[in-house]
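The following pair of complexes shares a single chain, chain A, combined with chain B in the former and chain C in the latter.
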Partner chain A sequence: MDRRRVEEAVMKGLMKAATLLIVGVLGLIMLTILVRGIRAMSWSMLTQTPKGGFYLGREGGILNAIVGSFYIAGGATGLAFAAAVPVVLYLNVFCRRGSRTAAVIRFLLDVLWGVPSIVFGAFGFLLMLAVGLRASLLGGILTVSLFVLPILCRAMDEVVRMIPTDLLESSYALGATRLQTAVRVVLRQASAGILTAVLIAFGRGVGDAASVLFTAGYSDQIPQSLTRPAATLPLAIFFQLGTPFPQVQDRAYAAALILTVVVLATSLLSRRLGRRLTRHSIS
Partner chain B sequence: MNQPHIRVENLNVYYGSDHSLRDVSIELPGRQIIAVIGPSGCGKTTFLKSLNRMVELAEGARVTGRVLVDGEDIYSPTAEVTAIRKKMGLLSQTPRPLPMSIYENVAYGPRIHGLNDRRKLDEIVEFRLRQVGLWEEVKDRLGQPASRISIGQQQRLCLARGLAVEPEIILADEPTSALDPMSSRRIEECFLELKKDYTIVIVTHILRQARRLADYAAFFYCGRLVEHGPAARMFENPTQRETIEYVKGIIS
Partner chain C sequence: MGLPNRTKRSRLYDRAAAVLMGVLARLSGLIVIVIAAGLFWKSVPILKNQSLSALLFSSEWYPLRGQFGFLPFIMGSLWVTGTAMILAVPLCLLTAIYLAEYAPRGIREGMRPLIDLLAGIPSVVYGVWGVLVVVPWVKRAAGWFGYSTSGYCVLSAGIVLAVMIFPVIIHMTVEILRAVPQEIREASLSLGATQWQTIKKVVLRKAFGGVLAAIVLGLSRAFGETIAVLMVAGNAVRSPTGFLDAAYPLPALIANNYGEMMSIPLYDSAMMLACLILLGIVLVFNVLAKLVLMRIQKEIQ
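The block that comes next holds the complex of A and B.
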């Protein structure tokens, strides 16, 4: 065999091994969560809030954390979306191609993207102290929305940037203003990608523990108002893993399983809906 | 000759430090087909886009000189750019239907200019689609995405969409270069029909197409307008050396 064939075979083997490694690790994680989580999984885990002695292994479930997580991640994603749409439209429709301002904003968003969520948590905490807000649903929503905002902006920006210039120009040529073009053409053309971005942001928000640690607090009740503390799935995992009781630790894996299923369902949903939304898109 | 519809005076376009259109002055007659010809990169697209101020959307573009449409300078600071563009339909090289249904594509223009009456919109859509000979082909699937019809049909849809805002002028940049011969023919037939009511400026690489369609022709070379005049004279008796060589196919 000549040299190039050997090279090819070796490299191909390495690539296969690396792929296998990644898939293997992923499979192992899923398996661990599944095996340990299933043990503690029950209908009451999903439908009940913690009863007395829950953290010692007695009755109850983590409905408080499930609902709390949906409230916080949903509220935060909604809030971040409301802020991200104008940013993305500004970057892509109102700034000229190659604009310096747009480049600077994109760079800042990338920097923010890289900031660890615990820093957002600490910042949110300070902000709440300054305005006299205690750990609460509202505090969690605000902090998580700051955390997912750069993710959402950049993810949406990437899809909107792919829109061909002459599609916008054909709208301008009809006498449309930039705003009309942004709302009626850009958002529509990018709708599938925007939805994916929103769901990615939701997935990141729902799974993050550090940003809610100081800001949302934790409560065994389902929050009844924005100013009450709220439990979240990542913290439910965190607290239950920290106990010395194996049954309670198993419950942490059950919570992890629920969280994983939520995130998985989110990405499956984004694919489904994405396909429907691309119906009218121009390729 | 008709009185001029568009008058260009000392038009210069720069992209950054690139001087892409050099001191162009020309009067374009109304209700005729004007062919803009010349080798690649000579500024044909730039010229066309400076007629409806699309050129200023490009990065670093700068325009000096005047373009008068019906006697009004479209580059004057008080000119309303959306109103100017409404006066001119633009047909680009690759058809770009908007990301919506066939119906909504045609209705888009009227809608953005404030028309929402469904009955009127229905009328407009049918009338414009008939005008470009597309109605019979799509009347049963007006709600389908515009991206589903063939490229040739998409180009006629784009023409209908442009006509729906009631322009006076149609600007077309190599409108048939992405189309098959049959679809190209249909676009050409549309133009010949439309020139009774519209001034049509068409950029084309295809000399034979220019001969078939044009009443008037303008030849650009290296950013300059070298020669212009009635099509018959331009193609039979060009006077400038570059034009002669281009028309004979020596330079392309």
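The block that comes next holds the complex of A and C.
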């Protein structure tokens, strides 16, 4: 056999091995989280807040963190969505095609996307100090909304960009203004993609620990107001794993399973909804 | 009578919306600059107090005595990120080339959701996996070779980070390889080159810039990763000298010390400087990668 064929066969073997290894690692992660999580899972984990001595291994659950995470990620996604809609419409409807301003804004949003979440956390903390806000639900929501804003903007932007120009032009030809076109044609056309983007942003927001570490605080109670500290799932996992008690660490595994299920369910839902809604749009 | 008024009103709304949305869009673009400016402003006290070179290249970390040498943390970040890259780059390139060039359609399409899945797992869950699987494994494996380590070390953090950046690098590299025009592959194959020769000499050469950009994006992702690294790196304030030493990367430092930072003078300023250093490095990586990718995009169009 000639040398180049041998080289080809060897490389191909290595490539298949690398691919298998990566799939294997993914499987191993899922299996670890599933097995350890299910073993420690109980109904009270999902339905109770921590009771006295919880962090020493006594009873209770992490309902506080589940609710807190939903409040923070939900609120942040909502807030970021309110900001992202006008931004995306501006970039795609009000800016001309090939506009320099739009290109610069897109570039800056991409750069913002790459900023590590710990930096958002520190910056959010700085902002909160400046206005005298302590670690709270509101602080967490504001910080996480900054963190998910570029994700939401760019994901929505990709969808809205795909809308054919003809469609906008037909709307203009009927006498619609840009604003009317943006709201009644563009948003409706892109609704599936927008929903997908929102779910992606929610998934990222719910899973991030570093941005809420300084800003949301932690509390064993379900927060009753925006100015109270709120627990989050990633921090619940982190803190419980940090204790020296095996019973508490086991709960961290259960919490990790809950978080993984929430994130994966969000991602599956976005895929499913995205597919269903695109059936009725023009592309 | 009603119509002209309505038209006038919609025009007015339209113009108002254009201004308002324009302002919002520009503001959202400015966030990254505001973050950098805010962190810089807060770092000024420590920069006035000590020279930048002393801060960056000194290993004296005694916050109570006002000494803030970041070298151990910078070295920790470099070791951990470097290890992750050594592990991730060959594996990701091999996988990406396989998926883009050799794999049958079914496998390529089937891998996409798996890669997305890997990208979606929260970093704290990677940390849990690291603590449960990687750390004990590294400890045991080191034992076979006669080394002793707690397992909470550079190598463990590198492995966890490598897995975390797999999806970033693979996804982008596949896209870039698939964007290389089919004709040049055919030209090379028709000259009698094997498929691997074609990939090595033609496709990879053409895609070099983009693949590099993908790697750099993975690198910057690894550099800024916080919670997973914090959980497995060991966090000892000392520059690591080997793969089995504990490391204390910059993001872990920031995450661990926010509690105390208000009570010790200059500590908060030092933490913000750490953030600024982290942000600066990540921004440079990101901007470079993005510029390369933008040029490639233009070339394709």
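We adopt the following convention: the second predicted complex is superposed on the first by the 266 of 283 C-alpha atoms of A that agree within 3 Å, B and C clash if a C-alpha of one lies under 4 Å from a C-alpha of the other, contacts with A are read in each partner's own complex, and residues count from 1 in each chain.
Basically, contacts are C-beta pairs under 8 Å (C-beta built on N, C-alpha and C of every residue); 3 or more make two chains touch, one makes a residue touch a chain.
Keep in mind it's a predicted model, so treat the numbers as computed, not measured.
Peer 1: Under the superposition described at the top, does placing chain B and chain C together on chain A give a clash or a fit?
Peer 2: Overlaying the two structures gives chain B and chain C room side by side.
Peer 1: For A:E169, is the partner it touches chain B (first), chain C (second), both, or none of the two (neither)?
Peer 2: After superposing on A, A:E169 lies in contact with chain B but is clear of chain C.
Peer 1: Which partner does A:A210 reach: the first (chain B), the second (chain C), both, or neither?
Peer 2: second
Peer 1: Quick check on the superposed pair: does A:L112 touch chain B, chain C, both, or neither? Answer first, second, both or neither.
Peer 2: In the superposition, A:L112 contacts chain C only.
Peer 1: Quick check on the superposed pair: does A:A265 touch chain B, chain C, both, or neither? Answer first, second, both or neither.
Peer 2: Neither: A:A265 stays clear of chain B and chain C.
Peer 1: Taking the superposition on A as described, I'd like to know which of chain B and chain C A:Q180 touches: first, second, both or neither.
Peer 2: A:Q180 contacts both chain B and chain C.
Peer 1: Can A:G98 be said to touch chain B (first), chain C (second), both, or neither?
Peer 2: first
Peer 1: Of the two partners chain B and chain C, indicate the one touching more residues belonging to chain A.
Peer 2: Between chain B and chain C, C touches the greater number of residues in chain A.
Peer 1: Looking at the overlay, does A:L56 come into contact with chain B only (first), chain C only (second), both, or neither?
Peer 2: neither
Peer 1: In the overlay of the two complexes, what angle sits at the CA centre of chain A between those of chain B and chain C, given in steps of 10 degrees?
Peer 2: 100
Peer 1: On the combined arrangement from the superposition, state the nearest Cα-Cα distance between chain B and chain C in Å.
Peer 2: Nearest C-alpha atoms of the two chains are 7 Å apart.
Peer 1: Which chain A residues lie in the overlap of the chain B contact set and the chain C contact set?
Peer 2: Common interface on chain A, chain B vs chain C: 175, 177, 180.
Peer 1: Chain C touches which residues of chain A in the complex?
Peer 2: The contact residues of chain A facing chain C are 4-5, 7-8, 11-12, 14-19, 21-23, 25-26, 28-29, 32-33, 36, 83-84, 86-87, 89-91, 94, 101, 104-105, 107-112, 114-123, 125-127, 146, 149-150, 153, 175, 177-180, 182, 203, 206-210, 213-214, 234, 237-238, 241, 252-253, 256, 259-260, 263-264, 267, 271.
Peer 1: Applying the document's contact rule, which stretches of chain C touch chain A when the two form their complex?
Peer 2: 7, 10-11, 13-14, 17-18, 20-22, 24-26, 28-33, 35, 38-39, 42, 90-92, 94-95, 97-99, 102-103, 111, 113-114, 116-118, 120-129, 131-133, 163, 166, 170, 194-197, 217, 220-221, 223-227, 231, 251, 254-255, 258, 271-272, 275, 278-279, 282-283, 285-287, 290, 294
Peer 1: With touch defined as at the start, can you tell me which chain B residues reach chain A in the complex?
Peer 2: Chain B residues touching chain A: 52, 54, 57-60, 82-86, 88-90, 92, 94, 96-101, 108-109, 112-113, 145-147, 158, 161-162, 165.
Peer 1: Within their complex, state which residues of chain A touch chain B.
Peer 2: Residue list for chain A touching chain B: 96-98, 164, 166-167, 169-177, 180, 184-185, 188-189, 279-283.
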